[in-house]
Structures are given as C-alpha cells and as structure tokens.
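Each of the next two complexes has chain A plus one other chain: chain B in the first, chain C in the second.
Our next item is the complex of A and B:
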C-alpha cells in the first residue's frame, strides 16, 4: 500500500513515481513508456496559470491540496450498481471503481464472441500485441502534463478490442465510480481499439459512491479508430460535488471512419475535459457535441482539438452551456488544418446562456489553417435568456418557470438530437429537466 | 368586458399613452387606427402586460378584474390574447408542444385537468383548417423560417386554439399580401361571436374591408381623438391622417 503518501507538487509526483514504479503493471515495453512519460511530466510540470491552455482552470491549486496517491485497487464488493444504470438501456455493463475494472460488478451478456473486454492490467499481459501497437500512440505524452502523468502512473482501466468487420449490437456502458474515504488521486486509463469496418456505441458515465472528501481523477482514454469504422462515444458527467476530474480523450481516425462524441456535464465540482481528435486518413467525419448545465460554484472546462491532417475530412463541433449561480464555464476549441488537408470542412460553434450575473463563460474558438482550399467557420455567442421569446410564451398563458424551461430545453435541443441511443437521450432529458428545475 | 379609464403609460421614461379611454362590450369589434407613432403598439403591449412598459396612471378592468395587477400569463389565462405585430421565432420549441403546454396551463388555472391527447390533436386539426395552415407548419418550431404571412396565420391559429374572450390584433395586416390578408380575415371572422370581442389595431383601412368593425377610433398622440362607425375608416382612407392632425391642432 502506498496510500499514505502525501503529494503536493510536480517534484513530489516525480519522486513518488520512483518509489511505486516497480509495483505498476506492464511488461518492459510499458515500463519504458512510463519512464519516458514521467520524464516528460517532470519537464512539463503541473501547468501554471500563465500556460494558455490552463489559463482559466487553476490546476496548480487543485494539486496543491495534500491528497493521497492511489495506484492500488480498492474493492467495493456487494454494492448495488442499480442506481447507476440507465433506465431501459439494454447494454453491456462495465464497472470501474476508482479506475479499476470490477469483474464482479460488470455484466457482459451475449457480447459478440470476438470482442475483447478486459482490464488494462490483464491486457498488458494477454494482449501485448495490441498494447504495443496502440498504447500511448493516440495520447501524446509530450503534449500535455496530465497525459504524461497518467501514462506514468496508469494503473488500470478497461481495454476493449472490437475486431475488423464486427458490429457490437448493444451499447457498452462503462460506469466510472469514484469512492474514497480520504482525499485521493486516481489515474484511470482506457484503451479502445475499433477494427476496420467495425461499429460500436460506447456510453461512459461518471458517478461517485460515498465520497466525503475530495478526489482527483486524472484519466486518459485512447481510441484507435480504423478504416471505415464507426464509433459513437457518449460521456455523461453527473458526478457529485467532491469529484474533480481532468479527463483526456485522444482519438485517432483512419480513412473513411466516423467518430461521434457527446460530452454532457450536469454536475461535478470541477471538471476539465480534453478532447483530442487526429484525422489521420482521408474522408473522415467527426462530430463533437457538448452540453454543460452548471450551478453553484461548478467549474466546467471543455478543451477540444481537432487536427485535420489529411484531405477531404469533415469535422463539426457544437457546444452549448447554460450557467447559473457562481459557476464558470470554458470552451476552448482549436482546429488545425495541416498543409495536406485540402478540401477540409470544419465547423465549430459555442453558444451559452448565462442565467445569473455571477456566472462566467470564457469561450475561445481558434482556427489555424495551413491549407488553401478549405471551408472553415466558427462562431461563439453568449447571452441571457431571450426576453422577447419569454414574453411571447407568457402571453400565451405559460407560467414564467415553464416558459423558461421550454426555452432552455429548446436551446439544448440540437445537441440532444445528436444522441442516437433513445434510452440515453430520455435519461438525459429527465436529468436536465431536474437540473433546470432546481 | 374591457374598460380602460384615463390610461397613461410609456417606455423608458417617455409617456406615450396620455389618458386613453375605451369601453369594449362582449361581441364587439373595435378598430383602433392612427398614424405611426400615435401609440398603437404601446397600447397593445401595455394591455398584454409587457414589463418594459410602465403604467403611470389610470385603470383597466377586464371582466371586472384589475388587468394591470396581472402578470402576462394570468392575463392570457383570463382570456386575453395578443396577436403580435412581429411574432417571435423560437427554434427548438415545436408549435404543437408549445400550444399543448399553453392549453394545459390555462386549464390548470381554471381548475381543469390536462386535455386528452386525442382531443388535442382533433382541436389542432380543426383550427388549422380555419387559417389554411399546412399540417407540417404546426409541427415545426414556433415561427422558425416562416414567411411573414405564415407567421400571421400562425398567430390566428393560436388564437383559434386558445379561444380567448378578447383578442387584440396588433397590425396583423402588416406585411401581408392580399391572399394572406383574406385568409387571416376569414379566420378572424369565423371566430367572431357574441361572447368574444376584438380590438383590431391597424394603420390601413384595407383590413377593415374584411373584418368589419362596429366602432372605429382614431388614436393620435396617445389619446382617442375621434370615434365613429365603420364609415370613419373610409373617411380616413380618403383624407389621410393629416386631416385628423389638423383638427387636433385647431381644437
């Protein structure tokens, strides 16, 4: 057990790594990546406020509070996961407790036989060919301190391999549960490999179970999407107040592939989502949609990076925020169009409604274009609820509260319509209705 | 039904309605005409309860209750309807969903349970025919991408569904071609009854060829300066508003 270690800074995390590295899973290939990752983390350091990428999210403060390092498994057996299930969603269930896969709580019924679902630890041993081909290839340890930190410490998570030409019929629902009695760091690490012409729908939810203290989860999910594959990836962050998350999802798309993501944040005290998509083949399509509805002192920071590296690709981003109380929202969307990426279509939109004078939004769209035959556009708007529309509805007999709700639901409607799993969309509607009714 | 006594109101510190009086009885159709800037739109906004407009004096009684004490939604639930001069586009809210919510909130106010789905659909179908509104329009987002004529027809459609006792038509004829004008006017005429009153606010006489009023009032500088029967509208059409302005100045 290393759980008694107290850490508070980059140096401490680096020196602690020396102490724990022998206990971390993985063969010499993995260990050498870990070594490079900690060196990169040491060089990059926990980003300061001066770092443009972390300007509005004070991660140094987050890490300055003494917390425990957790790289060992914690079991929560015999808890009921019923309350974390999505009503009417017929899905394969994978449960991760503090990033560790719980075989006891997971339920894979009638999963297509060729599909591999295992803990990352087991995958390090049993599926080393996939690990060596894909681990740490989508998420670049030199690009971000938290990718480096997670790669060094990565303890467990879920590995999914959907072989070529395989269509996974039912969605795979990954339930992330954070549970801790004392303030703790976690480093969940997932790897999804989707073969040529394969299709899969992934739903990831983030929850807490009995969390009286602050917990910081620094997770990385890598998704390798091969030719002609179609991946839908939905993330719902409906965490309670003490969960603090820095999540990175890095996807790499090969030619003719489709990748749709939705990131919905309704609760959770402090959330930073990094979503990086590299379009490494021609004719790819990416749809990135996001929605955050915040209140109180919530902090939700969405950073997206879409890197168009090949011609004839299309990317679309729509992020919407509704902010109340003293909450803070950030949308920072970067689109790179590389020199070779001619005939790129890239679109980005960030729209926000502030319900209170104390809520803040920082929206920053960025385009960097090095090709000359492209169509790119971005837009950002922030405002209050439309008073004219509100009056129109009230003049028809709707009470002010139901008129407001109707308008806010309408505002998020286009993002909701991109969710193609009906049970998930219904569940979200219910959660949103509840959240807006507070 | 509606009694307005010495109403004074304005916006942003400027008084626009300056002692307005009107009595509308059940079943009557009153036309209020006037040149631009005379206070026509302010009057309709004040009656519908728009909060930007400040009432500085006078009384408005609607079916015996003090209208000015009511929020916009309560006015609507009590039976007042404003057909907007510029109907608002609300993307993402379907006409049907919006009307269902409106009907059920009005019913709840009156202590009646929600309307059965099949009754609601029957009602929608019936009222759509009244203003020759395409079925697909009713399913679309409120006024989104509607033409000027479609928006005005949608207003009358909503009025038909909500069945108010007093409807205020605020320049419903503006921006309508002659065919759309006829459709809108036919819709209104079919809704005329001995229990339902109308205030038709308009700049031009032509709407009144189709919706024939019982009374015509001329609004100028925030007060009614002349009242008469339907023939007054024709006189205005012939002589223009300058004639009225001159009379006011001379008086």
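Our next item is the complex of A and C:
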C-alpha cells in the first residue's frame, strides 16, 4: 500500500505527516519524538542553496519533481538476492527492501545467540528499553532537516544489538535494495547498539532492483558505541543511476572505543552522505575513509563531522575521489574540537583526480577549534595524473591505458588497504577495475 | 606557568596607543540614511550627475539586500544603519596651497600617529620616501608629493578630486571590479562613500616611491566609507600601503570600505595593509566593525596583484582581499597575518578566481588567536573551466594562545578543469612548550621567546611587507599579543 500523495515542498511533507502519523509504528515515546521531529523539520525546511551545508548540493531540485511517499511495506514479487551477495564473503545476511526488513530473504545462521537482529518496527515493541535509551540520541533532529524528516516518518529498518563482551565472529552484511515502479520517497531507519567491549563488523551495500524511475531515499543510521567497543562499518554504494540518496550515519562513541568506517561510492545518480561522529568519551579513536569514483552526470557529496567533545581522542579522515565525465564530487569535512577536548589529534585529507574537463570537484575541509593543546591539520589537493609517472611507465613498455589504470589503482590504494575484510576488498578491487576500465 | 600568566596580564593590558581623539572642527550630516543623505553627500562633493545617479542606483539596490549574517563565524548585535552618521568632514578652507593653511590640530593628530606631513614635505628628494594621502573621517585632507608624482604622469589624489578632474578614468574603472551589486557592504559603500584615494600609473612607469593612504576615524558616531581605486596601466608597477587607526570609544563604529585594483598587461600592483583600528577594550566593549570589500583584477596577460595584510585591530573583521586572474599567465598572491585578542572576531581570507590560462596563485595565511577571540580563515580557490594549467598553493596555519579562544579554517576549493593543480594545507596548534624551553635554556626569557617564535611564524608574511611597514607590523604584533600563551 502506498499513500498516493505527491510531495514537493516542506509544507506538503509536514501536512502529509498529519495524515499518516497514526499508521506509523511505535509507542507513545516514539510518537512524541516523531512529533518533535516534524516540528523541527517544519522549522528547518528543505535546505536552500544559501545553507552552507548544502552549498554544493541542490536538494531543492531533487524535491522539485513529484514523488510518492512510502511509509508502508510494498508487496513485491520475489527477489533473488544472489546477485547482490559479495563473492566469498562468509557473512550473516540481512536484506532490507525499500528500507523494510525482509525476514524471508535474510540469512542469520550461527549468529551469536545473544545478538539481537530485528526489524525496527518489532524493536519498537519488543526492545523498548533500547529504543528509549538510544533512538534519536545519536542523530540530532535539530541539526539537519533530513534527520528530522526521517525521524518523523521512520517506518522500518534494522535494529541490531550486540550485548556487552560479545564478539561477532562473522561480518554482518546488510543489503539495501530499492525497487519501485513509480517515483517514491523512502525513509529507512537503522539502529545499531554495540555493548561494552563488544566487537562487530558491519557491511552495508546499496543496490537497486528494477527501478525504472527516480527514487529518493533519506536514510538515517544511528550507531551507539559503548566503552571499549570496536566497530568496523563499511558502506558500498553501487546502485543504478535512478537512485537518489541522502544518507546520514550518526555515531556516538564512549570511552576507549574504536570506530572505523569506509564509504565507497562507485555508482548511483545522486548521493549525499552525511557522516557524523561524536566522541563522547576519552581515548576514542575514529577512522573515516572514503572513496568515490564517478562518471557521467553522477553527483556525490561526502559530508563528515567529527565532533571532539572529550580529551585524548584521535580522528583520522582520508577521502579520495576520481572524477570523470560530467560528474561532480564534493568533500565537505569538519573537525570540531570543543573547549574540553584538549590533547586532541585530528587529521583530515581530501585528494582528488579529475579525468575530464567537464568534471567538477568542490572541496571544503574545515577546522573549527576551541581548545589550544591540540594537533589538528588538514590538507586537500587536486590534480591530474602525474605526467612524469605516466612517462616512466610507458618508457618501460606499458600501454598508456594500463599505465593510467595502474596509477589510478595506486592512488586509491591507501583507502583500499583500510578495508580489513579480504573478500570485501577483493570484490571492491574488481568493481573498481571495471569502473576504471569503462 | 605563573610567570607566563604575569606576562600575559602585562601584555593584554598594554594600551591601544592610537586611542586619543582630536579636537578638529568637523562638519557632519545628521545621522540616518535616505536618498536625501545620498544626495546631500553628492552635493557636498559637488559631484556631476552621473556620480549621483550611480550612488542612487547603489542605494536602491542596497535596500533590497540582506546583511551577510548566516555564513561568517561572527557574532555581533544588530547594526542600526539609521543611527550612523554617513558624512563627517574636517572643516577646512578650500584650496589649500601649503601646509601653513592646514588646521594645526589636524597636523598635530598626524604627528601623534607618527606620520608627519610636514616632515614628509621636507624630505622630498631623499631616497625611499612615501607619498601619503591622509583620510580623516572619510575625507581626504592632504596628499603629499603630488607634484613629484605628476612629473612622471602618475595621478595620486583623493577620490573626490579624481571625480572632478579625471571623470573619464573614474567612469571607466569604478565598479568594474567591485560592482555595487556585489554585496551588502559594497552597495552601502557605493551609495554613501565620502572619499578615498585614486591612483593611476601610466604605461611603462615604475612608481618611484611607495604610495600610502592613512585612514583615521575621528568623529564619534560616524561610519567611515572610503573607496580606493588603483589602476596600473601596461607595464607599470606600484607599491601601495594602507594604514588605519581610530580613537577609543565605547560605541562600535562601522567601517565599510571598497578597494578596487585594475592591473593591465605586464603591470604589477602590490598592496599592503596594516589594519589597526581600535579593537575594543579587554572586555570587548567598543571597537570598529570592519566590513571591507577588496578585490583586484589581473585584466591582461602577465599581470600581477599581491595583497599583504597584517590585521591586528577591529572588534570585527570581515574582509576577503581577492584576485580575479583573467589574463593569461597572471599571478595573484595573498599574504596575511591576522591577530585577535580579548573578544575580537575575525573572519578573513581571500578569493582567487582563475579564468586565464597558466594562472598562478599563492595564499599564505597565519592566524593567531588569544584571549577569548575567534579567528577564522575563509578562502575560496576557484578554477574555472578553460583555465588550463592553473596552479594554486594555499597554506593556512593557526596558532592558539589560550584555551578560551578559537581558531578556524574554512577553505572552499572549486575546480572545474582537469589540468589544474591545487594544494591546500592547514595546521592548528599552540606554541610548542619545547620551543620555549629551548629558548629559556639559552637565556632568553619566556616573553622574548614567544616574541621570537611568533615572529618566526609570521616571517613569510612580514617578508612581503615594505621595510617601513615590516617594522611597524612587528611592533604591532608585540603590542597585540606577546606573552599571551596561557
């Protein structure tokens, strides 16, 4: 069932909420958060170009076309997920179709017993103690219009709870599939809670299945990382050109925790990735790595915010982009060091290569620092393939194409090396090889 | 640490030495802004009709604009534009023939500022002297060395004089780099600017001396809106200096200036500023709101524009000296030291727009924050499509000297050409304790050690300043800052 409402403006989205709010899942606690969220969205509105955070991404244009709002699961003919699996990756599989958890397609054999995986809808009822403690705590509804919008409309997604002192042996692979016959607006919402001294590897892939029209997905993933926990989180975006995504990942780290994230965008029409990390305890470590290889008219916008709130933390960001065709790449990263966060080490680097005269790169690496005993730096460079290096390789008998490819592979190598799941890395290598070979 | 705090105390309390106000008879317009005031200013200046029309167009456009509030990292109360006096001029007899006719109070003011107009006059012919255009409360009061410069064909005079005597040049160049539609403060300036300097260097002339404008806000409740236009014709060279001070007052005064530079084929313009407006007291009361639009254009091939700025004053600084690199092989440079202390706020940087082929730009920015201040670098490097082989290097370092201040870096990098090479790097840190320790071990006390380290840190920028200014800049830095490590 789809509510056949056409969306075009902030007001429309706010009034539509009134119409559908009774059908949205969750108890009174969740409902009251939804209400606050829609009020916040109403105040923030769909960001205009004047909004510094959306300077290079025209979201209003995205909303200029009429789309249908989807808050209820769609019935689809059976999908085979085989082609979305990562070869040789031994993992627990969770499948989300249009943001709704499909138990039928998910495969959770031999998952550690204490680990909870459930749909968010079910979690609202069964795990209300976690929901009340963590839902809408990492992603601040007042900070961004799309967080607010998603929180208001959030219909389903996956809830994972890794209890204290639990190490999940195999990676958990979450496959997000978007399938729609008409222009649709989705609101997937995930919540991951990782307990004290727990460890987990999460892989999320974004795919499209039979999408002849444009779809917009504004997803929010909240990750609560408790003391001493270690989380690796990989995101691979490789959907067809009709997918339009505004993704937000908000993580909150407690004392001594460790969070590694990799965002790789190879395909997808219009992608905006917001990655917000709040370091709420001492001695935290965060590594944010990203890679985007774009072509045609792709638009990829990577936004990061690392909020250093406590002393002795370390954060490290490396983002690399290769842009071809008429594509646009954006890196907008911010290191925010609050007054208390003395002894912070924060580093940020954005490197890009332009392959075509019609491609555009906009980089905005930012430092906002209010503590004095810190070491923070950032660097950004953009250039073309080094002519000397190319000449060197050609003088040694490599054809221009292979030489170029070799240099581009070398360029992305340091991001690739941060991927610690071998099967995933191999899979990515083949995808990148294919992409660069085009 | 205790010792450091003492030094900190001592230096933060060091007084702003240009804080006196002079008792010069002035003529002021009533406060407030309307078409009538614009007409009043224009009539006062005896301006031709085209100039008045330009002002009115700008004023009408300004009314449709909004203050740039949302993007700079600056917090300040609402400015009531109807409370400001838009015209204040020292009363003076028209047509001064020699210095004896100048108001002696005025001369005394400039003596106190360390710029003796009389001295300058006497020094004619001596090497390395400076021609000065002195601007008090937005009216040019005296320009020195005019005759010497005229021999070479150089025009250096007040803006109002240029409107009367060289209307063809003003018409051609005014607003060509910073149109009145550019931004809120540029529009305001275009409507109410009262004076400023104009400088034209003819073809192939290398200006034999440094040209300089000295700005002084004196009257209470006034805003200063001056306009500077520098045109360097083919193959010429000029080095231009700008200095500014203001009395200490509890109120905030507005300064919204526009500087335009046009550099033709093979020409080079070097523009240096030591900005020392009154920064407010140590509780952040008073001080100048400095909203300035400065931009130069390298119009034709092989031209060069270089901005050097030392920003120590103003309670609020909003300033982005920019270069449009239109001609092939043109070069843009920006060297900046921005120091903020107490409750000062600075949001400053540059914009380099690459349009021509083989254009190069360099940005070196050094920010130093102390006390409760906030210091932001905000810069844009834009490589347009077709700007083949454009090259940019930016380095923005920030030094934090207390745990209550903020240092921020917001670079914007927009690249639309694959042959461009753009590098940006920035660091933020405090003065290394081991560096201070090293100096102390060798018998240099903490205070001197900090001075040494900070001066070393700013050296790349100070090296770009003309000698006279470099000395002043170093002293200024010492006054604003020294010992502020907490």
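In the analysis below, the second predicted complex is superposed on the first by the 433 of 438 C-alpha atoms of A that agree within 3 Å, B and C clash if a C-alpha of one lies under 4 Å from a C-alpha of the other, contacts with A are read in each partner's own complex, and residues count from 1 in each chain.
Keep this in mind: a contact is a pair of C-beta atoms (placed from the backbone, for glycine too) under 8 Å apart; a residue touches a chain by one contact, two chains touch by 3 or more.
Everything numeric here is computed off the predicted structure, so don't read it as measured data.
Superposition of the two structures on chain A shows chain C fitting alongside chain B with no clash. When the two complexes are overlaid on their common chain A, residue A:402 makes contact with chain B while staying clear of chain C.
In the superposed model, A:114 lies in contact with neither chain B nor chain C. Of the two partner chains, chain C is the only one that A:356 touches; chain B does not reach it. Contacts of A:50 after superposition: chain C is touched, whereas chain B is not reached. Residue contacts after overlaying the shared chain place A:394 against chain B, while chain C stays out of touching range. In the superposed model, more residues of chain A are touched by C than by the other of chain B and chain C. Seen from the Cα centre of chain A, chain B and chain C lie 70° apart once the structures are superposed, a value rounded to the nearest 10.
By the touch criterion defined above, A:58 reaches neither chain B nor chain C. Of the two partner chains, chain B is the only one touched by A:413; chain C is not. The gap separating chain B from chain C at its narrowest, counted between C-alpha atoms of the superposed chains, is 14 angstrom. Once both structures are placed on chain A, no chain A residue is touched by chain B and, in the other complex, by chain C.
Of all the residues in chain C, the ones that touch chain A in their complex are 70-71, 73, 385, 398, 400-430, 486. Interface of chain A with chain C (complex): residues 50, 52, 339, 342, 352, 354-384. Within the complex formed with chain A, the chain B residues making contact are 48-51, 71-73, 75-77, 81-82, 84, 87-88, 90-93, 97-99, 101-103, 105-106, 109, 141-142, 158, 162.
Against chain B, the residues of chain A that register as touching in their complex are 386, 388-389, 391-400, 402-403, 406-407, 409-411, 413-414.
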